[in-house]
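Next come two complexes, and both contain subunit A; in the first it sits with subunit B, in the second with subunit C.
What follows is the complex of A and B.
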């Protein structure tokens, strides 16, 4: 009530729902017709990514990334379980927040998506041909990989900055030493191979111990730079809620990654510890999991010009760069304005002493007014994230007043308030973080849904909302429930992806070491107490079909789906197998089900994916001998 | 009549004969016949092509998928190797092309008519052989097949479309077949043209 009483001019507010009468028609996608846009939503605490069609908001798929997925065996089978290996061991879950789409010249190129794991710092690459996770790299010397994975204009690098500053390298020090400088943060540059997409750690930069929250990289003239928000510049370590909210301004860190690379090449970075895993899933082969150690660490003091702090009110959360690369919009979650920094001004003043107000760890702090382009006055309560429609307008989500605010770049005038149901975090416009937005749809990714759906117990559905922003006034089109918390999203026009989607794994290209490409090669091979079953599947049978093993044997079922027809996966499940739930094997793919033969008896196995008229007959037995 | 048969054909028609010979060469590189199968679960379509020397799917994996469907009804697997005619068909076509070049060098109406007869005989034999294969595939079913519909045969049409269970099978000449028909037409035109020229010159 108090917040609403402050009266920031949030006309309308969350209570009024002005739904255009023809909204249903605009989200209706007739049977057999296809959606216009793919929306990829991160799953927050579900650790996954889900794929929706826009405008219908139909759920198409869940892509398992950081969490195991019994539905298809991801994280369980011998091929994918190494994808979830870390220096902390096998981690079957994470908290996946931010999706980044690969770009060429600042425009979406439809090759890969990247997703961060916040809890156990990692970064994943999802291939947009197969819609599968292909690589996961761990980020060492980081705790809470939140400001990640934000890409440079040509996807040269992905940036990853640590949310929870900790002693680096790790050490058990008194927690009150946080404010004495014992805690540090890192910014990591993850290199993306332009051809293969393979990820590698190129460089880390040690930064002051704040909480690095979000990031976005520049485009066009600001190509060389990435911007990171930070909060808790107070370095509070108790009751952070209060302690971290004291300063009137925290910082946006402007980071010149081209300069950092220069300093690396000049040998100014030093060898630093840190172990990490890199897990890579080659096409239709078992994941290759490597444990690597050591990174190159750069200290800002050894590389002048690499970083600057731009004071930004107040506990900034989002930092977003407009399509021209000129404006850097801060989302001060406790601020009463939306501050917009100017890249040209930053270039102008960054090395002039009169525009500086101090230094932290040799990083110059610039004066707030020196880089400011303007402020959107009294926009809303709790501005967080901003995306752009490519027509000169920006849309900012406001958590506290539960709305999306449309405002104009340059005049900084608020144009429209769009209520959100309720407590919107990120928002997403099709291509809205790229150089070339396709500004037709906007989704608000909400945290709370009270009263929007049928109640389903204490936890209500997670939810997002779809708006049409193509006209002068944005209009709410629909609400839709989502998988996990819809944390952030990338929306990509369907025409960029749909015709490239893979239909099968070509059998002749299957290089899996245990693949067989012909029923004639199906066989059972015993090596001591290990039994390897080279098995094929085709509608509607397995080969070999009846199998005998001994109690206590370790049995590997290397199952190859011989089909070469789109949309004909087969399943494989063994009755009562405790460690391996189910496998879905795509046409032409080989996957391995590991089974410890239990006490003597007869154990059925069967196909779990309804594949044909005789699917129900796709079943057989394993006899376990004493 | 005899006069017409022995008539030397005109320069223009002689070039046309050469054209027919060259056109026929393209039949080595084009499918002669095309059978398409339409079913609700194959919205993208399924099909097979019959070439002078092989049978293939319309797209990479179609033949494999057609065979997969066929295994339910106990149809023999369709593979090029099981059709021996495909081994000598290229030589038959070679003979036709050879005939065209002979006619070009020794341009007589009777040779043109011989060409027409060759194509017609080849066409009739070819169509009969094609029908016989279709009949065998459609009728010689494995009695142990999972799906047995009493009285049902799965012989695709020789020309045109036919419903079989939930599948619509259509069979039509493809580019190679059209070229063979076109060659026949051109040869017939030449004979007609030569007769007319002879009549006019009378």
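What follows is the complex of A and C.
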């Protein structure tokens, strides 16, 4: 499929593409000047999130979320390693796909970002003051958390639906029982506390065993609803590539979450098993990791009106709601049209028997034409995902033909074909999935790079492309290599975030149980075979500066950076320490390096972050006694 | 990132540093302060301080802040990372001391005395997120130490 895509892309796209002649000027951000937009790109199989400036496409930061990060010690130190705890144990990696920005009244509010973990079902909250991961919650009764974490209009809930249906609860059944109904999916409503952002599982709904792929929630008049695409309605379990592509149409599941909550409140959900972890990182304290068990599970049959299936051609990926909340756009990877459903029509026909063609697990299936607003005919090959510019146009990515098509809502006419290099997955417009897009920049997130950059062995960086969509015709401005797979992105205007970014941890607010705020308090305390080193650092020395422990001791270095100056972290690393690579400790922060004292000898420790002219001198020794 | 920042920072004032290093190597005495900087108030938010009789309460608060935010680099009797502070309230104006606490980066870039001190000690004095009222309290503590 990819090869065909490349052929098509090169012939119809790349070769004929002309770059706007002043493109360089339009992406140039002069030294000392700042970018207009933050782009947050998910890292796919890297499990991280990266932060770029737009239009310069400069990489600013990698935020570790689901993967350990030796650069700063995330996932290794005593403070953050519990963030990666799950019921399967410590999982130091994941496959992270979709970034969602928190919203108030359907508009980006710059408070948090959310990211899913597909492999070991989890969902993370990243704080946009510190640009750090603050919470990770595991999703029980799920196998593959792909359709996640899509937010309702006021971030009341995040949705999470399972990609790989499995027996729920888990059981070792013959795999061929998949098509006999033994496999199921779940839709999970994760509640977001409006003040703190804290996450909790409110409700799960047991759904037919398809593969739930993506979601988007409504806005305005469709506020109460979220829409999930599903593929493999055939319930194939062998050669899924072929078996799951037989039906002419799969489904978009329309889910009324307000109704689901009502049924929960009326006692219609029952207690169900399922264990999960919830890991929370309070500011400048060790992560609190709780193991919880049991969820409330709702069966669609016990809550009429909670769900409807809208047939959608074919193997749909994206399901995207336009800024007005009226149109629900499907992206059928194998379809020749882009189907657009009408929310008003859905409301009109959903409970009229003549508009139904059947039921699955007591969920009514509506007729395709009954909810259809229109179709964009032959837009491209392999339409995937649509974003909106807020000016009446939609942009759809096309994986197979490697292009972006611009089309008009209402007339369903294609306005422009934009080549992409190559095999574009998701798109992102600044605020493009919100009620209020800032329709100036679009990025296309591509799976393949091929001939775009200097070759660096057989694995090439994946890439993203930046387009200017402010004028009548969209124009390609630049492309840039990315970290991991740039799966999906949220772009947020810089003015919403830059002034709120945290600069230091104020020492007086540091409540870490092992913090010391004064060099006078630096000390070494022995408790049996455990040694606690209460240590400070400031340009350019440590206290205590010489340390003696015994071979076999468990040593905790509780290191507090006493600096109160922006951008002066210090590092901490001990020579030859196998468990802990490096720590970067922010101004005013306390972090803990755990070390098993090895065989007797002298072991240097030092600051790894170039901090001042005397940085090289920021080094001392530990003596390990026999 | 920080290496580059330091290079730029030092790059800007290299001539001064080189000159001063050469100068301070010539003799054993501390480099003489430039004529024009005697009585200097320094550069920063503080333009005028009126000193009264020593306020013990303020000095006590200043001591606490000093110990948390300054003592890692400053002792009174000996040079550690930064200069020994004994007699500082006699050497410098109250305004200069407070500006140095509140605005160390600009001071070491532009104020002739602070430039000399950087050349001598070679560590940029850190900004420690001290509020103006707290800097005043630290000044009171320094006065108290000098009266001993």
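Just so we're on the same page, the second predicted complex is superposed on the first by the 613 of 626 C-alpha atoms of A that agree within 3 Å, B and C clash if a C-alpha of one lies under 4 Å from a C-alpha of the other, contacts with A are read in each partner's own complex, and residues count from 1 in each chain.
Going forward, contacts are C-beta pairs under 8 Å (C-beta built on N, C-alpha and C of every residue); 3 or more make two chains touch, one makes a residue touch a chain.
All values reported here derive from a predicted model rather than from experimental measurement.
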- Query: Looking at the overlay, what does A:539 touch: subunit B (first), subunit C (second), both, or neither?
  - Reply: both
- Query: Should A:565 be classified as contacting the first partner (subunit B), the second (subunit C), both, or neither?
  - Reply: both
- Query: Looking at the overlay, what does A:622 touch: subunit B (first), subunit C (second), both, or neither?
  - Reply: neither
- Message: Quick one: is A:613 in contact with subunit B, with subunit C, with both, or with neither? Answer first, second, both or neither.
- Response: both
- Note on the structure: Chosen between subunit B and subunit C, the partner touching more subunit A residues is C
- Message: Applying the document's definition of touch, where does A:504 land relative to subunit B and subunit C: first, second, both, or neither?
- Response: both
- Message: With the touch criterion stated at the top, can you tell me which subunit A residues are shared between the subunit B interface and the subunit C interface?
- Response: 504, 538-540, 563-566, 612-614
- Item | Residues on subunit A engaged by subunit B in the complex (per definition of touch) | 504, 538-540, 563-566, 612-614, 617
- Residues of subunit B touching subunit A in the complex: 44, 60-61, 64-65, 68, 71-72, 146-147
- Residue ranges of subunit C touching subunit A (in the complex, touch as defined): 2-3, 5-6, 10, 67-69, 71-73, 81, 122-124, 126-130
- Item | Contact footprint of subunit C on subunit A as seen in their complex | 504, 506-507, 517-520, 536, 538-541, 543, 562-568, 609-614
